[in-house]
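Should a chain be cited, it is by its letter among A, B, C, D and E, assigned in written order, with residues numbered from 1 in that chain.
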Amino acid sequence: MRNLTSLLFAAGLAFFLLVIAARFDLGAAPMLVGDAILQEAPAETGAANIVTSVVLGYRGIDTLGEIAILFTASLAAGLVLGRRRPEASRDADSGAVLQISAQLLFPLLLVVGFYIILHGHLTPGGGFQGGVILAAAFFVPLLARPGTSVNHTGLSLVEGLAGAGFILIGLLALFQGKAFLQPLLDKGTLGMLVSAGTLPLLYLAVGLKVGAELAGLLANLADSEVDP
Amino acid sequence: MIWLLGLLIGMMLAAAIAVLVLENHIAAVAATSIVSLALSVVFVLLRAPDVAMTEAAVGAGLSSLILALSLRRLGLWQIEGDKHPEIAKEGVDA
Amino acid sequence: MNMITLIVALPLLAAFLLPISDRALGSVSRFVGPIVLLMNIILIMTLWQKSEGAPFALALGGFRPPLGISFYVDQLALLFALLVSILALMLWPYKADTNPRVFGLMLLLTGAASGMALSGDLFNIYVFFELLSVASFGLVASLRTGAAFAATTRYLIISGFGTVMALTGVALIYTQTGTLNLAHLATLAPQQLDNATGLTAFALILLGIGVKAELFPVNTWVPEVYATASRRVSALMAGLVSKLAVLVIVRLMVLIFPQPEAMQLMLALGVAGVLIGELSAWRARDFVRMLSFSSIGQLGLVFVAFSIPGEAGILAGLAVALHHLLVKPALFLLAERWGGSLGRLEGAGRRSPLAAGLFVLFALSLVGVPPLPGFWAKLLTIVGLLGQAAPLYWFAAAVVLVATVAEVNYLFRFGLTLFKREEQSAQVHKPHARIDLGTVSVMGVVLLTAMFLIAPLGERMQTIADQTTDRGLYISTVLGPVGGAR
Amino acid sequence: MTLLDGLILLALISVLVTMLGYRLPVIGWLTSALFAGQLLVLFLMSGLGYGGDTIHSSVALSIFGQPLSWRFDALSWFFALITIGAALASSLFAAGEWGRQYRQNGGNPGLLQFSLALNVLTMLILLASGDLLALFIGWELVSWASFLLMAMAGGAAFSWAMRYITYATGGAMAILAGMGMVYQMTGSLQYADLMAVAGQLSQAQVVILSLLFGSGFAIKMGVLPFHLWQAGAYAETPGPGTAFLGSISSRMGLYGILVVLVQLIGLGRLIEIDISFTWLSLRDLLMWVAAITIILPTFTALRQNDARRLLAWHGVGQGGYMLLGIFSATALGSSGGLMHVFNHATYQAALFLSVYAVVHRTGTADLNKLGGLVTRMPLSFLVMLVGIIGLAGIPPMNGFVSKWLVYRSLLIEGMPLLFVASVIGTLGTILSVYKLIHNMFLGQLRAEHSEIREAPWSMMLPMLVLSLIVFITGFMPGLALDWVAAAQAAVGLPVLQHSLGGVEMEQGGLDMTWLVAVLFAGFGIGALLFYSTGKTRHVNQLDNYAGGHFLTADVRYHYSDHFYAGLMHRIGHWYRESFQWLESVLISLTGFVAQGASGFYRIVQPALLMLVVVVLALWVVR
Amino acid sequence: MSDPELHWLLYGGAIGLIVIGAAGIVMGKHLFRIILALAIAEAGANLMLVVAGLRPDAVAPIITGGMIPEQMVDPVPQAMVLTAIVIGVGIQALVLSLAIRVYKAYGTLDMREIRLKMAADIDAEAGVDDEVSQEGPAGERPLELPDAVTSGGPGQ
């Protein structure tokens, strides 16, 4: 009975949302802000990837909020899961092939991750995507060899410093009399690696933070036992 | 191209329904990542490469990893899905 | 003026560095949080003085609004930012055995809350709202009991569903207007959003954000979460987090959705909240859940008050919200040692007369006994409601009045229980922790001070309400020539 | 600083003194002195009682744009006089011996004095209110101050106080709603503005306003059907507190009705409004409610076996006379109603105090466990005798005067049915006060009471003074009628032409001086005849026999159990139970709804609700 | 690709995902499925945002080779979705870790059982025998509670 009601209401939701969608002027987004940003962004931020300039420039504080959310989630997950007991049983090690390939994969993933992060202002990709790959880089060996303990101290150090770095770059502008998170440094030439002022630095901070955060989360989840 | 989009979206919706209907949890997780993957291709077609990359890395990759890990922690990592028949049965009653 | 961003950035920075400083400095890091909050308070006070109540906007990253995100700092925003810091400082988990992660969560919560109060961008508000939510999930679960985990999970799911709804609402608004800046939206709203799409978006956002604001019907999490979280966290959530969500809704309503339908939707949900909350509280058998249900009822009252059109509504809503913001945390703190069924608490007041006296004071104010501040809030609400022509408003007034009777009944049933002569002397009631009682006493003093200073406070609130309702001011401050790249 | 400021300041000081010094042994005397001081200030303002100008307070506030002001007019002064007088009597009663005993029994006489002082302060604030907002503030303060007084005894008092405050909040909320409506109509809460528009209000508006304000204030008076709380709540209050509450507290409701219905809206508007399908006007309806309020509680009082409850139920019933008089809207009737406030306060206080004097000595107020105390406590008996004569409305006491005025006006106005109803009420009163005095003071003295003494002088003094007032204002009602006339003028009622001895009218006035003189002459002649025949001998009450046996103290030949059982059998008790049934139905209904409400929080899937609401909202929006 | 069919397809897809997710959340009895449904609903909302910025015949908002193309799609929704995706995964991780703890504590992931066990826990902690009156409200409570509510039974 309840399922029937639920389905009925779900169908109702679909119907009404479609009714609303039918009112849209399909195919002609108003793009009041979007157009202006497209016009001004290359000059204002110097990033070829305009999404990046929006993410880190125009909506930089959103990104700050976002990494804070990720940080909070991992903090909360850590709080919820607690620390693992050292004597807890672990999964058996996986085979040698997997372990060796994991060792090979680690530097590769690291390089790819940093590449994506550092080219975030030029090509698609950036801190989030690169950060995920970094996390994977740290996590793959762990998966291959569950016995290894994660260096939580190191992770939290990176995590904290990267987050602080993002804010400090923002505050630097503030103390120079500009607005919080205002891009600093020379804009450089559009399309070059060293361009777009502080944006790549910000993306680096984001990438490191996301990477460390997610690696920590994964490691936490992967621990097979938690204290009661 | 619209046919491709139609195909992808159809696949996405089908996978989404499969998430709710499939009895096996691993299959459900797999279906979720299919949704994400299809979505990321849709994003590419919608000229959103950044979003596509993120969706692929986060939605299809990381999120599936997290789900799989927690499946293991929850003791639901059964291919046949017969160890906890009552949960599997009650999983969805659509 | 740019310094105002510090009140968001500093807590986040401190939270990011807390795990490191915890390792490096050990217990010293416990003081980081309170110090940051104190700095925030000082910062806001000086800024308020400097701005002399005039609103100002700042463009984050120096990008001209509406392209970049802008903060809009008026007295309402400053007031709430100030209250965030003060209340967080008062309800800081000072207990010695607190997990350092809780400090981090508290700081993140404060930063997010301040950001929500200041932000003038729809999506940015959403981001801060999410941050606030996640931090509160962590705090709620921090007691680490099974019930706490289960309650948090249920809370998280309903909250997540709400988030999806709110995000859909934001998407609808963006599809319709192509902008996210509240001031820009305010200029566009009369043409673009005064239609079914706009109302749909409002309904979706209202329900999404309403989860935190304990809006009916998305408040089923309230009793279980408040019963399982630590009392300080409950106090913070009932007092602060809910009010910030309300603040956001009010901002949206004033600026973007001034349609009568939007107000009536909110009114109807608010009335249902009052009715259901107060009646459930009437049936509650233990103090904490009584407070939780009563909090639902009070938040319903806040929504009812804010749904009165025009400045009267803002004034009434502000009065009710601020009053509840002071009273409910105090009551939750008192509940710290008064857990358990009501019958168990017989005679507890005779053991700790100060706490019982404070309870009576707050309860009196909550039901609106003049001349305590709660009365003025209720008066403004009733007068405002009866001043409207629509019958729904009259019905709302009747419901509020009837609910007050129920409120008196359950609050004082409990109050008298406290003063019963102890029949079963076997029950030993632990006295309140000094820190709790001290905090509550301070709140009581604030309440009494507010009672005596009600006239000047009323004038001040009137100016805040004026400023809040002034859409033109908002638009010109954010988008005007002055607001740009200061 | 005006005299009014001084009065309220003094009341405030009394509150502070009692609050800080509640442990002092002399706190009772101190409070009495402070009350006496307040009475003195009130006498300084006595110009008001004789038609003097309104005295304004120098305090005036403006909060949220609402001006608040306070002032005293003749009506306020009249009520304030009764209030402070009753408080003084009660406080004095509690100050000495009574307080000591109360403390020994685990009570806190300081708290009692504090509550009294607080009640007086709040009542003065209420009486001084100069606009509707101030009126409401005062009203709520009075409600909660009485709550304190009622609840302070603990135990059973808690549940009665709880019941009271629930009713009282309901009433206050009705008043608040009425205020909201007034604000909506006039844009302000000033008396003058409401008076100005009262003539233009539509009938529906007048009906709603009268019902809201009327029922709100009536709850405090215990008018039917809101009477269930009163007797129990008053009776459970410790000693002198009962006397204070019984004599004046519920009259604050009358003050509110006088101000809002009579002064601001005007009875003329109520008379204009006909109620559909009946021959009654709104005013007539209210009068019938008042009449029923006289009859039912009075006959309920008849059934009580607790002296305190018996009197408290009469307090409810007597309120009906006041309302009946005032709603008659004539000079005669309204003066009767107003004067009855004064009279009732005096004899009711005297009666309660004498009952408590007995309780003080014997430890019980159970009418089945007392008797024959007249020989041991003659002065208390005298006080009670004076009191019940007043309560029953028999000459020469003051109760007769006010009731006569009310009856007379009902007859002149052509309302014989109401007259009959009120006479039935009086009949019940006479029967029940006879039960009271008979079961307590007459008949057989119980063995365990054979050694008790008269109440101490600290308790006798207020009792005697009160009974003296009862007699003097019965003998010379003009003293009180002066104040009543000034109060009538203040609320805009026609003013009664009166003399010191009573009322002069063409259709037959009343002169109590003559009446009393005749009465006493009759008594004198009777006494003369009685004593002149000689041959009287004082016998002990056990110096007698029945059934061939001499009587002993442990044999009860005094008929007091199930007094009026035959009468009660005829009447039945369906009427009182019917209201209790109504109340419990209301509570059950609330419980039922509340159960549904909290069931809402037990639903397994909250997300479904959200979805439902979203869809409904979208449906509405579309 | 300016034809409205495309948009219908896209909006249909987005709304479909949202509704399927919502239905999953509402109907799901198993916590893990609810979490999956939440992720699907979020994906739908994200798609909706991206579609909001879509413009026909435009290219991705990336400047390649130093020249600014005529028409690019709106970058703002893309940035927002980027944010939303990462937020989503953070919350997912949190709720999964909560689910692990709930499973440890109660040994089940059935939402109904979880709720019942939690309610029992809360009542035990508060010292309240659920729904049995400890002290009635003012006046008596003549109606006995029906069994279904007393046992906190299913809300069907």
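FYI, a contact is a pair of C-beta atoms (placed from the backbone, for glycine too) under 8 Å apart; a residue touches a chain by one contact, two chains touch by 3 or more.
Note that the coordinates shown come from a computational prediction; the quantities given were computed from them, not determined experimentally.
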Neighbouring chains shared between chain C and chain D, ordered by label: A, E
Closest chain to the centre of mass proxy, which here is the mean CA position: C
Selected pair, greater C-beta contact count between A-E and A-D: A-E
Remotest chain, chain C as reference, centres from CA atoms: D
Centre distance in Å when chain B and chain C are each reduced to the mean of their C-alpha atoms: 37
Gap in Å, rounded to a whole number, between the CA centres of chain E and chain B: 15
Whole-Å gap between the CA centroids of chain A and chain B: 21
Between chain D and chain E, centroid-to-centroid distance (C-alpha), Å: 61
Of all residues in chain D, the ones touching two or more other chains: 162, 166, 591, 595, 603, 605, 607-608, 611-612, 614, 618, 622
For chain B, residues contacting two or more additional chains: 48-51, 54, 58, 62, 66, 70, 73, 93-94
Shared interface positions of chain A, touching two or more other chains: 2-3, 6-7, 9-10, 13, 16-17, 19-20, 24, 29, 31, 33-34, 37, 49, 51, 58-59, 62, 65-66, 69, 72-73, 76, 80, 124, 128, 214, 217, 221
Which pairs of chains touch, using the document's own definition: A-B, A-C, A-D, A-E, B-E, C-D, C-E, D-E
Residue ranges of chain E touching chain A (in the complex, touch as defined): 2-4, 6-8, 11-12, 15-16, 18-20, 22-23, 26-27, 52-56, 60-66, 68, 72-80, 82-83, 85-87, 89-91, 93-94, 96-98, 100-101, 104, 155-156
Residues of chain A touching chain B in the complex: 3, 7, 49, 51-52, 124-126, 128-129, 132-133, 135-136, 139, 214, 217-218, 221-222, 224
In the complex with chain D, residue positions of chain C that touch it: 154, 157-158, 161-162, 165, 196, 199-200, 203-204, 207, 217-218, 220-223, 261, 265, 269, 275-277, 279-280, 282-284, 293, 315, 364, 367, 369-371, 375-376, 378-380, 382-383, 385-387, 397-398, 401-402, 404-406, 408-409, 412-413, 416, 419-421, 454-455, 458, 462
Chain C-facing residues of chain A, complex: 16-17, 19-20, 23-24, 29-34, 36-37, 40, 44, 57-62, 64-66, 68-69, 71-73, 75-76, 78-80, 82, 153, 156-157, 159-161, 163-164, 167-168, 170-171, 173-174, 177-183
Touch list for chain C against partner chain A, complex: 2-3, 5-6, 8-9, 12-13, 15-20, 23, 58-63, 66-69, 99, 101-102, 104-105, 108, 111-112, 115, 121, 123-124, 127-128, 130-131, 134-135, 137-138, 141-142, 144, 149, 168, 172, 175-181, 184, 188, 195-197, 200, 485
